[in-house]
Structure formats: structure tokens, C-alpha cells
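Note that chain A is present in both complexes that follow, paired respectively with chain B and with chain C.
Right, the complex of A and B next:
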């Protein structure tokens, strides 16, 4: 009974924490321009993140190491610096985009420009990190994030052609805007397979003191939680296709266009639900990414760390999330367009995945860490294939998008 | 031995990337900046219609509708400015002017709470978008 409760809570928090500004913006743009055609990219990303989250939890439960900790120990500090710096940079951009997402929600709710919201949002997130516990952040914010299920409800109410939805789960070539199509596919992969998702999960497993008895729970949470999370992203794509695309809005370049997705279904409550979904989902991601930056640096340098410790007991850890969160708010406070930053940082995430995921796969295949719980051929092959695909697509699509392909 | 494997892997990866880049470049068509801007302008105009519709029935608050219409008007004004400086016929230039004027009218309507003016702006948008479609088709058949 206790295990069932833990699984349910884990699944619920994974679902609530899945959607953030990256998955929302990329799915909305993809749905508006390419109808259901890019559903396959969300499915591929979801499969990859299921494997990675399961591996992250298994690694923590079996080896009692976090990913950063394991990488530094296994490869040495110099080799560890590459994935560390890459992940810190990508996470920083994504964190800035998430603060932008909450700030947009603030603007939509009050009419006060998003720039004015960036620093207050950073301050509230910092206060939560300073005063709160890991349980409060992990479960509290993620439970509130269940409001994002409104996109799935809206998708069902809009009654899409489910046969076409099913057909779109297989990759197909675009009929127009070729470069944009691949760029969107890359951005979707980057949004789904954000390294902070599985790294945060691994640190959380250590914070919650998981051992081998949690392997079954871990598998259930990774499989069910991420699948339901991916369903929300597909819900956003379907709603964008049936509302924005169907009304001739194929280019979603302006964040003011986004709240229009839910109003035809729920009326004024659609506007409220959109603002709540964006605000809560991005705030949850803001707190998690800031915490993840602190985990990475503290674990990488071997400092004291733990969200449940008092800041005076882990000053380096507290300093990292303090500096990161305030620095990430600055580009948004200066007026950088959060939507453009989001799409760009998601594509960069996909391009950087080999550097963060491949060393992790080495750890998962290392008998000295994993014993009999090493990776199987299927999980190794699936993750490598998807990461390689994301990387190649990113290398091709990002320059084309920047230099004016379509 | 291991160095040879690394060197081979490096060569294979480089060739794969080069092939992917070439295939990508070959597969992608590059439409004119004008086509791309027209698509953006049409999307902005259709978004403005949706904002007006939603505001009229009370599905979005006035502060949002005003901000959204201002932002969309800026996009349409950019498009208008772009067309005025390029070598295109007068018809698209006039349509761009109509769209910009409709967006400004819609923003005024929301600011003053004038639903009749908002309805007029919506009609202006629809007319201009319909003409855009005709211009686009004419261009496609007679490039």
C-alpha cells in the first residue's frame, strides 16, 4: 500500500512537472504550422526521457551517487569539466527562458510588462529555495502543475481525427517549410530531453535516500510519469493545430498568440487556465533548474549539498542557486523576447545532448557502479539512436534556420 | 589500436555530419524573405481577428486584448514598412496599409470599449486577408 502511494505520488509529480515553457512553446509552434505532423518528435523525445529518467533513478538507487558525482569520480575532474560547463550553460539559457515564461504569465494576468516581472519572480523562487525543503519543491509545485492537464481535456473536447493523430506518430517528410520543420523537430527533442529533468531526478533520489528496493517504483514513475507528461505535450500540439492552425495562425512568433489556444474551448476560463498553466509550470521548472545548477556545481566540486540542509550548512550550494537565479533573470528584465530565447535554447539543448548523455551511459554500463543492474542493449541502443538523431538534426537545422532556410 | 579506432570513428562521424549537412541543404527550399514576411503578416492578422472575437464575447480581459493588438499592429507595421521599400506592385502595398490601419483601429476600439469599431476592424482584416489570398494565387499562377 505504501509503495502504491509512493508510485502514485511520483507519477503525479512527474506529470505535473513535465510541461514547461520549452515543451509548451515548441509544441504550440509545431502544431500551428505543421498540424499533427510532428507528434512523432514528441513521442521520440518522451521515449528517450523515459529511458534516461529510469537510468538516473536506477543509478542513484544502486550506486548511491548522483550523476555529477559519478561522472567526476569515473572520468576525473578535467574530463568532467566538459559536460559540466555545457550543462551549466544550456541550463542557464533554459532557466532564463522559464523565468521569461512566468513573467509572461504575470504580464497576461495583470497587463504589467513581462520585463518588470523577471526580478520579482527570481526573488520568490530564491526565497522558496532558501526557506523550503526538497519535498515542498518536488511535490508542492509539481502537484499544482497538474493544471496543465487542461490541454489534454481541451484536445479531447476538440475531437481531433484520431486516425490522423495515430498516423502522425510515425516520422514523415514535410510538404512545406522544410528547414523550419526539422528545426522544430530538434527543438521538440531538446524540450523533451532536457538534461536537467533526469539530473534533477537523480539528485532527488539521493535526497529521498533511495536504495535497491526502489527500483520497481523508479521504473513505474519513469514509465508512467513521463508517458503522461508526453501526453500533455501532444495535447498542446493538437490544440494548437485545431485552434491556431485552423484559424490561419501558422506563425506563432508572438507570445500574445498563445492564450488564444484555450479560449475557444473554455471561454474566459481558458484564458485563466492558460495563464495558470504557464505560470505554475514555468515557476516549477525555474526552481528545479536553479536547484539543479547548485546540485551540479556542488556535486562536481565535492561541496556539501542538500536542499533540506540550512544554507549556513551548505553555503557554496546556496550561493550557486542564488547567483544563477538572479543572473538568469537579467536577460528577461532587459527585455529579451522569452519566446525566441525558449526556441533557441531548446535547439541548443538537443545539440548538446551527446556531451551530457554519452558519459552518463558509460556510468550505467560500468559494473563497478551498477553491478548486476547495468544497462541492457535495448536501453543503450534506444538512447544513443535518439541522441544521435537529435544531434545530427541540430547540426543541420540550426544553421539553416539562422541563415534563412524554410 | 585504440588510437586507430578513435581516428576511424572520428573520420566516420565527420563524413556522416558532412553528408547530413549536404543532404539538409539540398532538401531545403529557400523562399524569399517576402513570402516569409507575408506568412507572418497573415498570421498576425488572423491572430488579431481571434483577439477581437474573444474580447467581444468577454473571453479575454481588455488589458490583454489591448497589449496583443498593439504587438500584432507592430508586426503588421514592420511588414508594411518592408513592402514600401521593396520592388513589388502597388496592390500588396495597399493591402499591408489596410492591415496596419485595421490593427490600429482594433487597438483604439478596445481602449475605448467600442464594440462597433472593433467589429469594423474585424471586417477590414477579413477583407484584406481575402485579397491577400487572391494576390498570392495570382502570383502563383503568373509568377
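Right, the complex of A and C next:
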């Protein structure tokens, strides 16, 4: 019974935490321009993240190391610097984009320009980190995130042609805008397979004091939570295709076009639901990414860390998220377009994947960490495929950004 | 036990289980006609910077001495005999607050973090 409760809570939190500015924006753009055709990219990204999250959780539960700890310890400081610097940089851009997402929600709700929201948003998120506990952030914020399920409800109400939805789960070649098509596929993959997601998950497993008895729970949370989360992204894509694309809005290059997505279904409440979804989903991600930056640095250098500690007991850790979150708000406060930043940082995330994914192959097969719980054939095959995909993405992301990015 | 695999870059805690840092360097003593002996472990930014090369090491030593004074001009060393346990973490038989290793965190707490309400 306790296990079941823990699984459902874990699934609920990962569903609530799945949607963020990247998956929302990329799915909406893809749906508007290419109808259902890019559903396969969300599906592929979701399968990849299921495997990576499961492995990150298993690594933490068995070895009692976070992924960042493992990277430093197994590969040494000099090698660790590469994923460290890259991830910090990419996460910083994504964090900025998330703050931008909340700020846009603020603008949509009040009419006050998004630039004015960036610093207040950062301040509230920081306050939650400063005073809150890990449980509050993990459960509270993600529970609120369940509001994003409204996209799934809307998608079902709109009665899409389910045969075409099913057909789109297999990749197919585009009929128009070829470069844009592949660029969107890359940004969708970048949005789904976010290093911050699985690194945060492994730190969470340590914060929640997981041990080997959690391996089943871990598998269920990774599988169910990420699948349901991916379903929300697919919901966004379907709604965008049927509402925006069908009404001639194929180029989503402005956040102001997006709230229209839900109004044909829910009327005025559709607008409210959209603003709430955007605001809450991005706020949750803001808090998690800022926390992940602090985890990464503190774990990499061995400082005291823990969201349940008071800031005075881990001053280095607390200072990292404080500085990061305030610095990330500055570009938005200066008026940088959040949508452009989002799409750019998703492509960059995709390009950075090899650096964070290749180590999984070594860490999860290392007997001294994993003992009997090393990767089996299926997990290893999955990692190899994700690594191959990561290298392809790393090579094509930047050229596609130039030719296919808007 | 293999020093590089099992000791270097591992988490270090003091006798009160406070996380001090990672093993950033290992000091071995060369002895004529006998195998080298591990004398100490090093913790901190200078030891880390030295792993990137002699030049970053020298720069970091200058910066650390400028910021922290004479006590921080060299890497922090803890004698190998203080190693109490090598398991998940490496436990050193020291009290970190009596060393200079976490001076910067103490400074951060006293001058910045502690001044913000709610810390």
C-alpha cells in the first residue's frame, strides 16, 4: 500500500513536472506547421528520457551517488569539466527561457509587459528555494503542474482523426519546409531529453534517501511518469494542429498566438487554463533548473548540499542558485524574446547530449557502483541508440538552426 | 586499493560527516629503493587547478593568496594517517572548522548568506 502510494505520488510529480516552456513551444510550433506529422519526435524523445531517467534513478539508488558525483569520480576532474561547463551553460539558457515563459504568462494575464515580470518571478522562485524544502518543491509545484493535463482533455474533445495520429508515430519525410521540419524534430528531442531532468531526478533520489528497495518504484515512476508526460506534449501538438494550423496560423513566432489554442474548446476558461498552464509549468521548471545548477556545482566540487538544509549550513550551494536565478532573469528583463530563446536553447540542449549521455554507458555498467544491478542488454542497447542519436543531433543541430530556425 | 580509481575525486567528509570537498590531489613520497608512499591528500582550488596544468595551478595559487591570505597560498593538505574510512565517502579524522579548507564558505555565510533574512 505504501509502495503504491509512493509510485502514484512519484508518477504524479513527474507528470506535473514534465511540461515546460521547451516542450510546450516546440510541440505547438510543430503542430501548427506540420499537423500531426512530428508526433514521432515526441514519442522518440519520451522513450529516450524514460530510459535515461530510469538509469539515473537506479544509479542513485544502488550506488548512492548522484550522476554529477559519478561523473566526477569515475572520469576525473579534467574530463568532468566538459559536461560541467556545457550543462551549466545550456541549463542557464533554458532557465532564462523558463523565466521568460512565466513572464509571458504574467503579461497575458495582466497586460503588463513581460520584461517587468522577469525579476519578480526570479525573486519568488528564489524565495521558494531559500525557505522551502525539497518535498515542497517536488510535490507542491508538480501537483499544481497537473493543470497542464487540460491539453490532453482538449485534444480528446477536439476529436482528432486517431488513425492519422497513430500513423504519425512513425517518422515520415516532410512535404514542405524540409529544413524547418528537421529543425523542429531536433528541438522537440532537445526539449524532451533534457539533461537537467535526469540529473535532477538522481539528486532527488539522494534527497529522498532511496536505496535498492526503490528500484521497482523507480522503474514505475520513470516508465509511467514520463509516458504520461509525453502524452501531454502530444496533446499540445494535436491541439495546435487542429486549432492553430487548421485556422491558417502555421508560423507560431509569438507567444501571443498561443492562448488561442484552448479557447475554441473551453471558451474564456481556455484562456485562463492556458495562462495557468504556461505560468505553473514554467515556474516549476525554473525552480528545478536553478536547484539543479546548485546540485551540479556543489556535487561536482564536494560542497555541503541539500535543499532541506538551511542556507547558512550550505552557503556555497545556496549562493549558486541565488546567483544563477537572478542572472538568468536579466536577459528577459532586458527584453530578449522568450520564444526565440526557448527554441534556440532546445536546439543547443540537443547538441550537448553526447557529453551527458555517453557517461551513462560507463557508469551503469561499472560493477563497483552497480554490483548486480548493472545495465542489461535492453538498457545498454537503448543507451547506445541514444548516444548515436545524440551524436547525430550534435552534428545537425547548429546547421539546421541556421537554415531551418525561424 | 588503487589510489586513482578508489581515492582521487571521491567525496570527503570530516569526522562530523560534514562534506568538505573532493580528493583533488594525492601527495606521494618517493623513496630510494622502496615503493613510493602516499603521504597526504590535497583538497581545494589550487590542487584542482594544478591538474589542468602548471600554469593554471600557479595562477590559482596567486588568486587564492590574494583573496585568502598566506593560509591559502598552498593547497590544503591532510596527512594520509588521518584517513579513517574509505567507503562511499572518504572520512578524515579532522574537524573541518579547525582547518582553512572551508574558510571561504564561512566567509560567504558570515558576510553574505547570513545577512539575507531567513538563512
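Everything that follows uses one rule, which is that the second predicted complex is superposed on the first by the 392 of 406 C-alpha atoms of A that agree within 3 Å, B and C clash if a C-alpha of one lies under 4 Å from a C-alpha of the other, contacts with A are read in each partner's own complex, and residues count from 1 in each chain.
Here is the rule we go by: contacts are C-beta pairs under 8 Å (C-beta built on N, C-alpha and C of every residue); 3 or more make two chains touch, one makes a residue touch a chain.
Not measured: the values here are computed from a predicted model.
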First, second, both or neither for A:315, with chain B first and chain C second: second
Chain B versus chain C as contact partner of A:362, first or second or both or neither: neither
Partner chain(s) touched by A:40 [first = chain B, second = chain C, both, neither]: neither
Partner chain in contact with A:116 - chain B first, chain C second, else both or neither: neither
Partner chain(s) touched by A:134 [first = chain B, second = chain C, both, neither]: neither
Which superposed partner A:250 touches (first chain B, second chain C, both, neither): first
Partner contacting more residues of chain A (chain B vs chain C): B
Partner chain(s) touched by A:179 [first = chain B, second = chain C, both, neither]: first
Partner chain(s) touched by A:82 [first = chain B, second = chain C, both, neither]: neither
Shared chain A contacts, counted only where both chain B and chain C touch the same residue: none
Residue numbers on chain A that touch chain C, as the complex places them: 64-65, 69, 72-73, 76-78, 80-81, 130-131, 301-305, 310-312, 315-316, 318-319
Residues of chain A defined as touching chain B within the complex: 107-108, 110-111, 178-179, 182, 247-254, 256-257, 259-260, 263, 267-268, 270-271, 392, 395-397, 400, 404-406
Complex interface listing, chain C residues touching chain A: 4, 8-12, 18-22, 24, 48, 51-52, 88, 104-106, 108-109, 112-114, 116, 118-119
Sites on chain B touched by chain A in the complex: 16-17, 20-21, 23-25, 27-31, 33, 36, 39-40, 42-44, 46-47, 49-51, 54, 57-61, 63-64, 66-68, 71-72, 75, 129
